[in-house]
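One structure follows; several queries about it will come next.
Chain nomenclature is as follows: A, B and C, assigned in order of appearance, with residue numbering initiated at 1 for each chain independently.
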Amino acid sequence: MTVALGTTGPCQALSALRAPGNLRVIDAPDDAGGTLLLRWELSANDVAAGAPGDSSVTGYEIQRAQSPDGPFVKVGEVPPRTGEARDAQGLRDGVGYYYRVAAVRGESQAPSAVCGPAVPTGQWFHRGRVNTLVAVLVLTGLILYFIEHARRGRPVFIRKIAGLDAVDEAVGRATEMGRKVLFIPGSQDMDNVQTLAGIAILGRVARQTAQYGATLDVPVARSMVMVACRETVKEAYLATGHPESYRDDLVHYLTDDQFGYAAAIDGIMVRERPATIFMQGLFYAEALILAETGNSVGAIQIAGTAEPSQLPFFVAACDYTLIGEELFAAGAYLSREPQQLGSLKGQDLGKAVILVLLVIGVVIQTTGLFDFAALFVVQ
Amino acid sequence: MKRRVPLILTAVVGITFVVQFFIPHKPFSGLQNLLTDWVQIIFAFAIWLGALNLMKLSGESLYRRKKRWPYATITIACFVATAVVGLFFSGGSRFQDPGTPFDWIYQNMYNPLSATMFAMLAFYVASASYRAFRARNREATLLLAAGVLVMLGRVPIGDRLTGFLPEGYRLADLADWIMNVPNKAGQRAIMIGIALGIVSTSLRLMLGIERSHLGGRE
Amino acid sequence: MTGRAPKHGRPGAAAVGTTVAGAAVAVAERMLRIDRRWLFAFVTVAVSLPLFFNLQQHVAVTPEARGVRDAVAQLPPGAHVLLACDYDPGSAAELQPMTVTFLKQALSQRLRVIVMGLWPQGPPQADLALEEALRDPAVAALAPRYGIDYINLGFQSGNEVVIQRLGSSIPAVFPRDYRGTPIAQFPIMAGVRDFSSIAYVFNVSAGYPGTVEWVQFAGDRFHAHVGSGTTAVSAPLYYTYYPAQLTGLLGGMKGAAEYEVAAGFTGKAMTYMFSQSLSHIVVVIFILLGNLAFLLTRSRRPQP
């Protein structure tokens, strides 16, 4: 009587361990090199649990050598019911490697036929990202075309954005009331595009405060943002002929910590009661804390963010809100520079293209013609 | 020169990063990791700029007895105390380990303060909702209805109120539908617009058309 | 108050009606200008009162929460799961119960839990959650051991780049655990290479980096199975990823309570749900009263 192992049923002899078949080894596609992909057919002793047959294989061992005669060394293992593996351990590009895959059952092994030589290489283009490349080229092309179009003096229409039209009025209000303008350029760092968009608006606001003689206060949460904002504010004061009104302390650092920053700004709002508050940039949970406190001190508030989770709070608590892409359009809207307006037009055309694709996609997916959505998967 | 060098750097690095997304081959594959490491190091050193500025302003407020000098005193005292405790009384490089004095400050002072600020949102949500959810016009009424339905539907009491209705028609189901259908559609639309805005702004930055972060146009 | 003699013999009926209406409008106008601190007071009572009575209520489990439970439940014993704690103490009220419940479910199923964080405060929060999970009777009975059944790899800076690097090699990103011990010394990390070695990724996130990055990099690029727990304010954003890119989604305290019910490990989220329910009701009542006041005062305003 043979001792029963695995799940072959009681008191049945184990069948001879069979090797996996049809081993193929290829260079891993779309990578930097140094990786090979192995695929094989499962051993006859590796059927699914519950299916008729022998499922006594406990795994597969991947073995590698630099010549077909060996010596083969173990470079990895995978569990049963797995028909592929990836070897990225110490492979050199341009060097041939030989593989075999052994079905394992306890101490026994049944190796497959040797396959090779397989040579790992790096690819110069990621074929799984063709769709992204096409999208980038189309969108970039549209934006560049309309930048050029605007540069040639062709007019570009842009709709009214109430929040940006209110900037002058808001700064004027602060001047009349003799109270300061508080500008908060988001709670994140210069690596975020929203912060840069906020700083573009700060430039405009700083020009207004310089011209009207209002006091500007810009508390920031990041050192690099402090440096960039100081440059922007200084240039704005210089450009409007009021260099004497500029001080470095107009822009000052508080803390990197999210809620420490919110608490410090709340303190500034409650103590100094600014007449106008701008919140332009990326905010997270501190958004509502800032907006409600600003509302409680009676300030006019103009907010803008592209963080969708915080938009409802700004809309509820502020007088004007720039929603999403309106924040990015602010620089162009306020400066009215043709090139910047042209880029907005290109962006809008890009949105139109996406709209058309959405409609086409909905129709195709609903009718089941083919898997349209698969064209947009990015690997 | 002061602006030209950053503009050239921005263009070169920006375009390189776009290109490296499509080229897996070395050296492009390692660029993102490399530059991220560099950025982390630069940001770490940059923290000193901010910290020194904070201490300078707080020191000035205290010295000149400006209106907010008590708060400046607290700022300086806490900054110095935390730094000294962390550097000299918390076991050197293992200062973050549980049981150290620095960890005590973190667990017993920083954590509760942080949680308190976050908890204030509960009160501010109430006051903001009270003010904002008014049926001024059709859209505002729709917003009001959706807000009330979701607020009630997302808590178990909402189920109690409409438990007598057949499944699929209760408040919780209605709230789920609002979240899964109109909310999802609106969020996706906003996200698409934001993504396009980011692409356009990034392109303007790389091409040097957007220069506000460098002080604006010459 | 018109001064005219009443027409039908009921003395002052119009006058009384006008007085009542006037009083109502006056009350409505006061209601519209109510000091926000009254709202804060009512919310305080609504949130804190239930905590003294330890009340609980039935919580219906949504498909999104069940998705997380089911994804973990179908994993075989010994499978590796990655728990990414991307939050800080400020969000712990909502997110810590999710982390604890996940750990209880995973450890009670004898899964191997690898903890890490993209936020610096995440791993300490995970340690606190592990302490709590290990005290659960169902988990304690199995006596899980550090380094064999679970491990805390700590924090790594780099945001989404870290996730990308994990896709190449987890040991390269975390050569040591949270306390500085080389991971080669821990049996749990034997054979763990990249996302192909991880059966499930559960991300508990309060913002950036968090759910979006795990979906984009771990899920879309490396085809890991990803589930997420997030704050209630962020959850609406992530419904777009369910169910194609997220196997399950827990939103806020309610999501945590649903997960506790679904997984069978009642904890703090269930306890706190009554507070949340009452506070929602208070807010809704004030909103309705505010609208009533608004409509009353609007109807009384002179027409142009």
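Simple rule for what comes next: a residue touches a chain if its C-beta (ideal position, glycine included) is under 8 Å from a C-beta of that chain, and two chains touch if they have at least 3 such contacts.
These figures come from a predicted structure and were not determined experimentally.
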Legend entry - Farthest chain (mean CA position) relative to chain A: C
Inset, instruction - Kindly indicate the chain pair that has more C-beta pairs in contact than all others. - result: A-B
Legend entry - Whole-Å gap separating chain A and chain B, where each centre is the average of the chain's CA atoms: 15
Inset, instruction - Mind checking the centre-to-centre distance between chain A and chain C? Centres are C-alpha means, answer in whole Å. - result: 23
Inset, instruction - Would you give the residues of chain C that are in contact with at least 2 other chains, written as numbers and ranges? - result: 36, 88, 90-91, 236-237
Inset, instruction - Note the residues in chain A that touch 2 or more other chains, in rising order. - result: 259, 285, 308
Inset, instruction - For chain B, write out the residues touching at least two other chains, lowest number first. - result: 114, 117-118, 125, 127, 129, 131, 133, 187, 191
Legend entry - Residue ranges of chain B in contact with chain C within the complex: 32-33, 36-37, 40, 94, 96-98, 106, 110-111, 114-115, 117-119, 122-123, 125-127, 129-131, 133-136, 144, 147-148, 151-152, 154-157, 159-160, 172, 176, 179-180, 183-184, 187-188, 191
Legend entry - For the chain C and chain A complex, residues of the former touching the latter: 36, 88, 90-91, 168-169, 191, 193, 196, 206-208, 220-221, 231, 233-234, 236-237
Inset, instruction - Write out the stretch or stretches of chain A touching chain B in their complex. - result: 30-33, 122-126, 129, 132-133, 136, 139-140, 143-144, 147, 189-191, 193, 196-197, 199-200, 202-203, 220, 222-224, 226-228, 231-232, 234-236, 239, 249, 252-257, 259-260, 262-263, 267, 271, 285-286, 288-289, 291-292, 295, 306, 308, 311, 313, 315-317, 323-325, 327-329, 331, 337, 339-340, 343-344, 346-347, 350-351, 354
Inset, instruction - Under the touch definition given earlier, write down the residues of chain B that touch chain A in their complex. - result: 18, 21-26, 28-30, 39, 42-43, 46-51, 53-54, 57, 67-68, 71, 113-114, 117-118, 120-121, 124-125, 127-129, 131-133, 187, 190-194, 196-205, 207, 209-210, 212-216
Legend entry - Contacting residues of chain C [partner chain B, same complex]: 36, 39-40, 42-44, 47, 57-60, 62, 88-93, 124, 127, 157-159, 161, 164-165, 179-180, 232, 235-237, 239-240, 254, 273, 276-284, 286-288, 290-291, 294-295
